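Before anything else, here is the set of structures, which you'll find just below.
In what comes next, chain A is part of two complexes: it sits with chain B in the first one and with chain C in the second one.
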Partner chain A sequence: MLSRLVRLPSFWVAAVILLLVLLLGVFGDVLAPSNPLKGSSEVLAAPSLAHPLGTDYLGRDVLSRILAGSPVSVLGAIEVAGIALVVGSIPGLLSVYLGRAFEWLTLRIIDTLIALPFLVFAVAMTALLGNGINQAMLSVGILLAPVFYRVARAAALQVSSSPYVEAATLSGASASWVLRRHILPKVLAPLGISAAGAAGTGLVIVASLTFLGIGVQPPAPTWGGILASDLGYLDYQPYAPVFPIVLIVLTVLALNLLADVLRDASGQSGRVMLKKRALRRAAKKRRRSSAPIPQRAGELT
Partner chain B sequence: MTDIAPLLSVEGVDVHYGRGARRKQAIHAADFAIAPGEVVGLIGETGSGKSTLARAIIGLVRPEAGRIAFHEEDLTALTPAKWRAFRRTGVIQYVFQDPLRSLDPDMTLHDSVAEPLLIRGGLTRAQITEKVRRQFGKVLLDETLLSRLPGQVSGGQRQRAAIARALLTEPRLLILDEPVSALDSANRVQILELLHALAGPDVALLFISHDLGSVAGITDRVIVLYRGRIVEVDRTDSIINRPAHPYTKLLVGSAPTLTAGGSDRQWRDRLRAELGAA
Partner chain C sequence: MSIEAELASPGGRTRAAPAEASVALLRARRLAMTVLRPVAVFVPVFLFATFITFLLGAITGLSPAYVQLGDAATPQAVARLNHQWGLDEPFLVRYWNWFHALLQADLGKSWINGVPVSELIAQRMTVSLSAAGVALLIGIVFGALLGLLAAVTATSLLDRVITAFVSFISVLPPFVVGIALVAVLAVGLHLLPSAGYIPISAGVGPWLSHIIMPAIALSLDTVAAIARQLRTGLVGAYQENYVVGARVRGLGPRRIFFVHVLRNGAGPSLALLGLHFPNLLGGAVVTETIFALSGYGVFAAQSALHGDVPAVQGILVVSIVLVVGFNLVVNVLLNRIAPAAARGI
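The block that comes next holds the complex of A and B.
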């Protein structure tokens, strides 16, 4: 599938943006030009050489706060997707193989999770487990798990009843063999698509929670927290929310783009699409090579 | 049938589908046996229970009553773990109707064909590849197709690959579930010729089809299934030339020919009425 992915231009757009965001996530703290928590007398200052994105209401450098807030925001989104993937997809796959009791139980739990409102559950979890980013991410991850459960279960159900799985079963294959050889490769693509989508959703939820002061304690910077504080001073700095918003939107956009290219490149539909593209390119090439070549200037005019 | 101990014996097998009010009996007291090396046809119309009976033999459907024995070993008494161990021996193999769906679309023909040996274990990759190559030769497939995906080869080549997979474990009984019904006439003839060549003292074939014409050329005996019941079992030439049951007569009479679309329509209508009354 990777060979098909690299042939899609949108993959490279998503990959470049996500690589930059990941670099911010890993090295954001180090790249911050000044202390993101240290205030100054230059309150709500306009962008300058000393402060390229200006300062906030406490005189803190906005660029430094955005860079320092990147790890929590980006890694939080990845954590959400990871938790949702593990909590949702493993029971989803096993529900096809572990009998009716397990299937019934997991389906009821998933139905219950779907019915729970996001923010209320996250607030309740942080009240129960303490106000920390990991607790908030755990609650969000659990609430996103039904998506993965359903995707994994649907794909596993479809594949498990196919004749090639029956053929493997008739050769004495165990459930784990069938899962590894036949079901996982088919399920990975839809799960990857869901994971990219969930990371985007996770980023928005992390931003929303930190906007509400849940998950990260002030004055620690996050993209959502910076956005929340900027919104209080729109009269003085109407442009200020643009910086965190651009980062959030670009990251979510890149993740959604990645989800789209994963869907396009995976499975039979991906093969057909790339084959059609190759045929179109070949036809274009043929047309170009069969076009008459002008011998002298003005011959074709 | 001869006096040789049967390879497969099916005794009084009943199969039901569904539960409660939707419960329906698909197979009624099926009784037959297959001798080693024998080629038996199982024919009947769509929905008559042919595939259900075959799936009961290989353990994909559990019979509610009766006994299915392979070399005197009672298959209906096997636990799931013992079924797995039995299947790994590869003595009974199954070829599905639709070759496109019976091969994993994301696995090369080599990997699909090699799978039974990979599951069984005990051989190196090189040994398995060598066996797959030899098997490809036996089913008249070019070795260059080994690295192709099922979607990249023709229907006939796919079915040959499926047959190669089934033969790789050197089965004693090969069950073919309508192996040519998804193929065009040219490929159908080629596969039938291949199956005819494969039949021998080492492997018995149970050839399932709704088309008497497909089984007539290669089978020794034919079992006729009608609405889940075996209505006639006889030598193939007797079935074709002297059918006894009205349904068998209808099947024989309905076989299309190049000169006409079957025999007399009024005669067929009379047989249908006779069957309806029964």
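The block that comes next holds the complex of A and C.
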């Protein structure tokens, strides 16, 4: 799988962007050149050497605020995807095995979660449960779980009716053995694809919540919170929202790209695609090397 | 739609009926299936969703005493207020009372000022529904146009440009689009007012100028989803054997497109519209904040921050009803344009 991935150029684009964003997420606090909470008299200053991205309405350095806000925004997205993965995929796998009552119940709960207006529920749950970042992660994670439930369930349904699983069951394999040995490897790729997508959605939702001032206390910097404070001063700094927006959109694009690449590279179709690509490249190389002799090139194509 | 209305206006090009009665019976049966089957799906969804809503309010541990008295609350005052609001009763009794009132459109009273929640929501709903309605319209019109254009010119340069554009706008969250629109159209070019709301009774022009930017910000997600799905659906339908058959029989391209391709290719997009409707309602929380609209989204956020549990529950219930109602309509429409789809949904 990985050996196939590294041959795709778009994988490298996504990987490099995501690695940079992850670095921001882990070391953002340390990298900030000045105190993100300390104001100064230079209010709404334009970008300069001292403040590469300018200052905000309290004279705080925007670059430092963006860097210091990265951990909550980036690690939050990862945490959300992780919670959704666990909360969604485990019942999804078990729904195939634990009998009709469990299946019916979980299906109805998932139907319900899909029908809920996402952001309103995320806002309501977070604020009512105590308005902290952990409450925000938990509620967004639960609301994102249906994606994983469906993916895991679909993959498990497909595999569990295949002949080799039937053979294993007939030879006396237990449900847990079948799950671990046959179903888990098949489910991992689609779950990875969904996880990349869910991390993108999670990033946007966490940014939306922090934009609304929900899940964090005001002076603490977040990407969404920076956008919210920029919004009030658009007349003075119409370019200010560009910095956090570029970060958010670039990260989401990279995550979507990663999901697409994973989809392309996984499974039979991915193998076929890569083989075709290699053949085409080989043909091109041969054509180029034989370019001086036109009649042979004509033969080849 | 009632059965009588259905029978009075027999839909479009049906084959000449050999026996009127049996056709009428079949149609009545199909209509019953159209209505009853979704009800069987949506009633549990409604029950579960409202139960989750109530559970959410119950496990927060918030009470009107906390909201009204704050730190100054004495245990006696708290107990008195809890008794006054019926909060000292067992969970299931409270749930039953709440649900019973809910079915009679009584959403309780706000803990903050004692005003009925349904009144508070009704005041704000027109703003949110105007934005969501215009967004839905933009989503359908532009999504369908882009999808059609891409499908008709499939694999051409135009198709690729549209596909790339659609993939790009699909990752733009509403608040990013909203802020960009304000920065460019309102602050930069002074074309549109940046905030506020004017009711439609004061004129369609001013109303639209206030509502169009939030609507665009909300709609991009729907535009992208519809365009993508419609392109896939139409390209798929063009490859079907019945299209080849129609071509072989010499039917014109226009007839093939409208009767054979569009009808079969558009079903999945319509189903997707039902799935994306919750996003239109949910995105309102953010867009209303950006554009300073006093709609139900802002109300939801503020009530939740203040711990006004009945108001939040009321909003959640209203949004659940809207989503379930919209999906029922989508289901009926879907059944009319592609009866075979009824089995899947």
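What we mean here is this: the second predicted complex is superposed on the first by the 287 of 301 C-alpha atoms of A that agree within 3 Å, B and C clash if a C-alpha of one lies under 4 Å from a C-alpha of the other, contacts with A are read in each partner's own complex, and residues count from 1 in each chain.
In this section, contacts are C-beta pairs under 8 Å (C-beta built on N, C-alpha and C of every residue); 3 or more make two chains touch, one makes a residue touch a chain.
Because the structure is predicted, anything quoted here is derived from the model rather than measured.
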Overlay on chain A: chain C relative to chain B, clash or fit: fit
Chain B versus chain C as contact partner of A:Leu58, first or second or both or neither: neither
Touching partner for A:Trp177 - first (chain B), second (chain C), both, neither: first
Partner chain in contact with A:Ile109 - chain B first, chain C second, else both or neither: second
Chain B versus chain C as contact partner of A:Ile245, first or second or both or neither: second
First, second, both or neither for A:Leu129, with chain B first and chain C second: second
If touched residues of chain A are counted for chain B and for chain C, the larger one: C
Which of chain B and chain C A:Ala50 touches, first, second, both or neither: neither
Degrees between the directions from chain A toward chain B and toward chain C, using C-alpha centres, nearest 10: 90
Distance of closest approach, chain C and chain B, by C-alpha atoms in Å: 17
Of all residues in chain B, those that touch chain A in their complex: 58, 60, 84-90, 93-94, 96, 98, 101-107, 112, 115-116, 119-120, 151, 162, 165, 169
Chain C contact footprint on chain A (complex, rising order): 108-109, 111-112, 114-131, 200, 204, 207-208, 211-214, 224, 227-228, 230-231, 234-235, 238, 241, 245, 248-249, 252-253, 256
Chain B-facing residues of chain A, complex: 162-164, 166-174, 177, 181-182, 185-186, 267-268, 271
Residues on chain C engaged by chain A in the complex (per definition of touch): 41, 44-45, 48-49, 52, 56-57, 59-60, 62, 167-168, 171-176, 179-180, 182-183, 187-188, 194, 275, 278-279, 281-286, 289-290, 297, 300-301, 304-305, 307, 309, 312, 315-316, 319-320, 323-324, 327
